[in-house]
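Please read through the structure below; I'll follow up with questions.
Naming follows writing order (A, B, C and D), and every chain is counted from residue 1.
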Amino acid sequence: MELRPEDLDVQRLGACRIQSPISGAHFVADGDRVVLHSNPAKLQSMLEKDGKLLALEKAGPREKIYFDPSKLKCGIVTCGGICPGLNDVIRAVVLSLYHNYRVKTVFGFPYGYEGLTYRFGHTPVELNPAAVSRIHEYGGTILGSSRGNQDISEMVDTMDRMNLGLLFAVGGDGTLRGAQAIAEEIQRRGLKISVIGIPKTIDNDISYVERSFGFETAVSEAVESIDAAHTEAKGARNGIGLVKLMGRESGFIAVFASLARSDVNICLIPEVPFSMEKLLENVRARLQSRGHAVIVVAEGAGQDLLGDTHERDASGNVKFKDIGLFLKDRINAYFKGAGVDATLKYIDPSYTIRSVPANAYDSAFCLLLGQSAVHAGMAGRTNLVVGYWMNTFTHVPIPLAVSARKKVDPDGWVWSSVLTSTGQPRDMR
Amino acid sequence: MELRPEDLDVQRLGACRIQSPISGAHFVADGDRVVLHSNPAKLQSMLEKDGKLLALEKAGPREKIYFDPSKLKCGIVTCGGICPGLNDVIRAVVLSLYHNYRVKTVFGFPYGYEGLTYRFGHTPVELNPAAVSRIHEYGGTILGSSRGNQDISEMVDTMDRMNLGLLFAVGGDGTLRGAQAIAEEIQRRGLKISVIGIPKTIDNDISYVERSFGFETAVSEAVESIDAAHTEAKGARNGIGLVKLMGRESGFIAVFASLARSDVNICLIPEVPFSMEKLLENVRARLQSRGHAVIVVAEGAGQDLLGDTHERDASGNVKFKDIGLFLKDRINAYFKGAGVDATLKYIDPSYTIRSVPANAYDSAFCLLLGQSAVHAGMAGRTNLVVGYWMNTFTHVPIPLAVSARKKVDPDGWVWSSVLTSTGQPRDMR
Amino acid sequence: MELRPEDLDVQRLGACRIQSPISGAHFVADGDRVVLHSNPAKLQSMLEKDGKLLALEKAGPREKIYFDPSKLKCGIVTCGGICPGLNDVIRAVVLSLYHNYRVKTVFGFPYGYEGLTYRFGHTPVELNPAAVSRIHEYGGTILGSSRGNQDISEMVDTMDRMNLGLLFAVGGDGTLRGAQAIAEEIQRRGLKISVIGIPKTIDNDISYVERSFGFETAVSEAVESIDAAHTEAKGARNGIGLVKLMGRESGFIAVFASLARSDVNICLIPEVPFSMEKLLENVRARLQSRGHAVIVVAEGAGQDLLGDTHERDASGNVKFKDIGLFLKDRINAYFKGAGVDATLKYIDPSYTIRSVPANAYDSAFCLLLGQSAVHAGMAGRTNLVVGYWMNTFTHVPIPLAVSARKKVDPDGWVWSSVLTSTGQPRDMR
Amino acid sequence: MELRPEDLDVQRLGACRIQSPISGAHFVADGDRVVLHSNPAKLQSMLEKDGKLLALEKAGPREKIYFDPSKLKCGIVTCGGICPGLNDVIRAVVLSLYHNYRVKTVFGFPYGYEGLTYRFGHTPVELNPAAVSRIHEYGGTILGSSRGNQDISEMVDTMDRMNLGLLFAVGGDGTLRGAQAIAEEIQRRGLKISVIGIPKTIDNDISYVERSFGFETAVSEAVESIDAAHTEAKGARNGIGLVKLMGRESGFIAVFASLARSDVNICLIPEVPFSMEKLLENVRARLQSRGHAVIVVAEGAGQDLLGDTHERDASGNVKFKDIGLFLKDRINAYFKGAGVDATLKYIDPSYTIRSVPANAYDSAFCLLLGQSAVHAGMAGRTNLVVGYWMNTFTHVPIPLAVSARKKVDPDGWVWSSVLTSTGQPRDMR
């Protein structure tokens, strides 16, 4: 579907009339935007055709804001699987509300959207600088999390009853759809509550967001499993190291981990189909020529080989069959059948990848992301996520962000670089 | 079985008549020993009864050595599963032979005992200081490894044919039994080849050896999985983190990891039986009182709950059924049955624990262990392992070292400290 | 100075007529470019004025290449201070030349430009996949490095005599100016040798290059010193932690480290002047209100306070006086004078920040950068550096890259975010 | 001075008549001891002469305790420089008092002995399991620290007034002397307050204590500086890496770091004198033969070369002149004078070594040490430190522990192993 410039416009609660309390800031002007594309030819033809470029609104502090900080009550909620940097984000939001805007009431809702729903009986936690001062040193989320959406109406009731003006929802695809539904219900009721999404996806698969927090940290952790697999593979005659990494629908973690460790000989991702025959052939050839092999597989890869499944988890995500164990069994059987004395070591780092604290760069990124979310909310923006595009923090309408998953482009330069690095054939079907 | 002082005596190839080339060293005197027990009352009664104390020979450089360094050829072999520090040990042996004794010929045999056996066709690698200079920065073993013993006679043939005087065998229980058989065959043939074992057991379960290399590093790695499990457990309502750690017959890794992270609420080891009923009861009580629970289980724990098995791997070790997956299923089923909405996250760090390079302390330990092995071999000792006892490097006859596995004493202070720390009941049967 | 579109054009040795041996690659088309700016309004007015946008040539493999791989000899040289990722870059260049283009002769020149100069007597090292297979696990550079340029004519003589077609020069500002001079001398002589620069600057201060390799790793390391300073500061009454970080003319490391650790209360960089009076006032206020303070200072900050200096090092860089020790003394004296019992701990991590191996993300980045450099060279480009801009690897003419240093913009959003995070006043003069 | 068996006897407040609330524990019997020596010949002759062995009392839980837990108030204080594991120790003491003995009142005194002294106006902090639950994840001490002793009488007044029964003093030599003075004043006044020392010495230099907490972690950190120095040294022609490590009077950190990284070519410690001439000669020889050199120097080494000093810090420790900067200047001057183009990089990791959290093994050790301290105090022992000897936690009378500093024995096997590893001559005077 062709994007139109207006698809990138951000929803606002109303006009900004209050002077920002941030002194000496360099404010973002209202029309500041960043283009969606960097190809000059494309830009030129776009201008010739429409007289306008596709561009995202820049994030950052505005000179005039929508909410009166002295009266504002805010809430924050973390949903879905944990991800490095969640506590950094919570902390950044709280510190920015307190120190930049002098907002004094921030509630953390426990266990995701459950915390906004009566029947679970969770009590919101008051968050302030003292409460969050060292939380970035921990993995996970101090608020707890849960999967699945709750009753939209009930959640809006809670916010209305608590007199919240601003809700920060940190979560993935499902959470953001929930946030959109909440924002729409708020609009329907004529309430003045802003809903700001902070995209959390360890798989880095949200559209129009170049980079998501925690992704780098996850790649670093993934690399340790690859190192282990490589060491095991080299330690045995015909040693094979097989590592399963996160990546349900997008293989970014597998891809970047393979680029970071060119010891990987075969990288399998959901975006690029393969057949068992070709895979086994390649592993065998590799063992013959080099004596060992390292294979990385994203959890969503090769699902067509596993037979169909229709199970879904509480978030509505399709439940994946385990490609790692499947490959382990098939490769072992193949070499046994072929009379080759191969030793396969299977590593599934699972939750260890996502439960660590953010690394330095992700920490800085979370700080900036959290600040951007606060600026967006204070300026009365709503139904958006804060994103990052062309080195700039941006506002992305939620409908746009959840319109499709970002995927590794099998024809793009990143995947080409993976092939260049692993030496695997482009076509393994 | 009661030990007699002579059980601790070490076998020698012959008298030491050659002056050690180590200048300015502080040599260990021939009778230097270290007592086996530290309890003064026990020592006193022992002396009164036998007029003698049980004591191990001290390791270290001797002023007079057995082998003529200028003519000596040495070999080194690494067997069984990999373990942090293997490359440190190889490096220490090579550097000590070269720099301390000026031995110039050291062969590394590839892939464990296979490398000493004709039919595998592996070619020995010449090792020298340049070849090993940075290998300690890698996990695994540069020589490769394999499980299982090979034909003893054939291996002695190889050594004889290559004119080896000294073989270092780095490995666990099975490897050391193999080394003993080799030493006995050497003796039968009247050859003058010394066989020095360097005990490798990530489980720290070799008798009369207080501490084995790589153990600390393994504990550090294990702790990261516990941290992940704790983070996951705290991130969900009724969150349970379950971590399976190495420890087939001895639970030392689980024990020390639980002491290092007192976030562990239940620690299960092979030495201490438990019933599912009591375990489930305890987990439930913990969830009720604290909302989350962290469980650590050693792979050899609770095998009686899994039904009998007689499978063995190539090293002759009993193949264990997977207690981790078993517990995961049983705990999930239990809470489902009880209508409790619990979230269990299972972490099996598997090979990532053993494939990392040694940490600083293990590195230093490996250096000293390797040096000790070289000193022992140069002094014509044979059929022994180098050990560590009462802060001293020692010589332990192989038959003694493999007489029984070292186990966590369920009545000792270490296990008591674990109970103190986790708060779990002493009896969970 | 206003940039013109032609300032971004890249120099070529000649037409590309040889088919690339890379099979199945997705080649970059010849005109592919990426715009220099992302502001739609600016782009629009540029087009209206010039009919053209400022844009950089994209890096990547070309379908037709300039050099015949079977006859090509290449060289690589690393200059200046070490930086995380140097070995990754060397490795990526060698692997890409071998595996992608089947170039079989690659020389490493020892100790920077010295290695290209007769009188030092260094012997070039032959590099191949085996020689570089694990070098990315080490910090530093396997080739060694040196500061300072050497005689240009003599270096071109060496290349000519060795029949080199392609030189990769990894280094900073000074190195790149040297590479430019080499490329110009090559052109003067009518030789067909391509010179490709790979920008190395731990300070991340090269123009038109968004991100330089090793920078992230350096920030991670810097953060550890900040953590130490914070711990020390909190451990004492009126504790002050003072950390000096790299950053001679640009404060990027200090800036990103401060964003990664919002424990920093004052961040001082070369781009933003300050007075001792204001600084001391701020530290005092912070101690009074919070009991401790953490200060980060880039080495090039506050040089005006130290008196003038005209010393230069072998690379021609101005030798900086030590602002860290200066601040330490002045702050100590101030509180002593004021009768305040303050405890200042000074940390200068110095070389520990730059000597570590690259982290996972930098490793992946180095791989892509090295591949891009090889593609550029094989396509006959010369006198350029490979850069990164708008998420794309690019070709940047060396004269453009060295035209000015990239600096932290005191009026930009990054510095604003630092102020937001530290709480320090915008103006401390 | 010859030790007599009674010098090892531990002081008690009175008889233990209360049943320990620890259920199912394996209690330490009253006479349980561990011998001071492990040499069988020495033990035998000792028995023959005195009829008794030198032995330390074992630490651990007693079946009968002295204090009534329901009425007991405890205090804890951390003094002197920070050290990895301080928070682990605080946490272990609090958790053991709460969970094992059900003591409900534990005060943390801020900033060392200052916290026990009126005039500083510090308020004691109530510590409980919630307050300490995650503090082991931080470096430093949550209580803060200070150097120097305070008025003994005033401190005892505070304890008396607060009705404290048990004080845990974590600190080094000076702190322990203070604790002894406090215990003596308590005895003089006829109070029933137990004073238990927990020896904190990053230098590992307390007598009759084999191992002190934080030492291993410090060695690990030190090794990172050595790695940096080695990388720098190898990266330059005639590169020299010089690292200064902690170790005022004892060189244990330098020694173990050098064993952990056999890249060290010269290790200088306070216990082994050297002359500049011999040192410079050795560095030069090393550069000639290998092209680079790595030197590690403990801060207390070579003080005789620096001229005399009588300055002392607030703890009464002699202020050391900076041997690191001295060597840096002298080595640079020497090679300049000799016309050798050498590049020396100096690294002083300073506080970064001591401010990190404890590693896994130190964490476990701190837990056991803290538990041991609590058991000792509850059993009415006083004027002792908890130590570790022959793999057993022990009670060491403070006067014995502070009688002399533990030093590296220049004639022992550890230093011999260092020489073996570095290759430096035994005599460098």
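The definition used in the following text is that contacts are C-beta pairs under 8 Å (C-beta built on N, C-alpha and C of every residue); 3 or more make two chains touch, one makes a residue touch a chain.
What you see is a predicted model, and the numbers here were worked out from it, not measured in a lab.
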item: Touching chain B and also chain C, the following chains; value: A, D
item: Contact-richer chain pair (by C-beta pairs counted) among A-B and B-D; value: B-D
item: From chain A, the most remote chain by mean C-alpha position; value: D
item: Length of the line joining the C-alpha centres of chain A and chain B, rounded to whole Å; value: 42
item: Chain B-chain D separation of Cα centroids, rounded to whole Å; value: 29
item: For chain D, residues that touch 2 or more chains besides their own; value: 138
item: Residues of chain B defined as touching chain A within the complex; value: 82, 111, 114, 138-141, 144-146, 224-225, 227-229, 231-232, 234-237, 345-352, 355-356
item: Residue ranges of chain B touching chain C (in the complex, touch as defined); value: 134, 137-138
item: Interface residues, chain D side, partner chain B - complex; value: 22, 24-26, 28, 31-35, 38-41, 43-44, 47, 53, 55, 60-61, 91-92, 95-96, 99-100, 210, 216, 219-220, 222-223, 256-257, 259-262, 359-361, 363-364, 367-368, 371, 390-393, 411-413, 416-417, 419-421, 423, 425-427
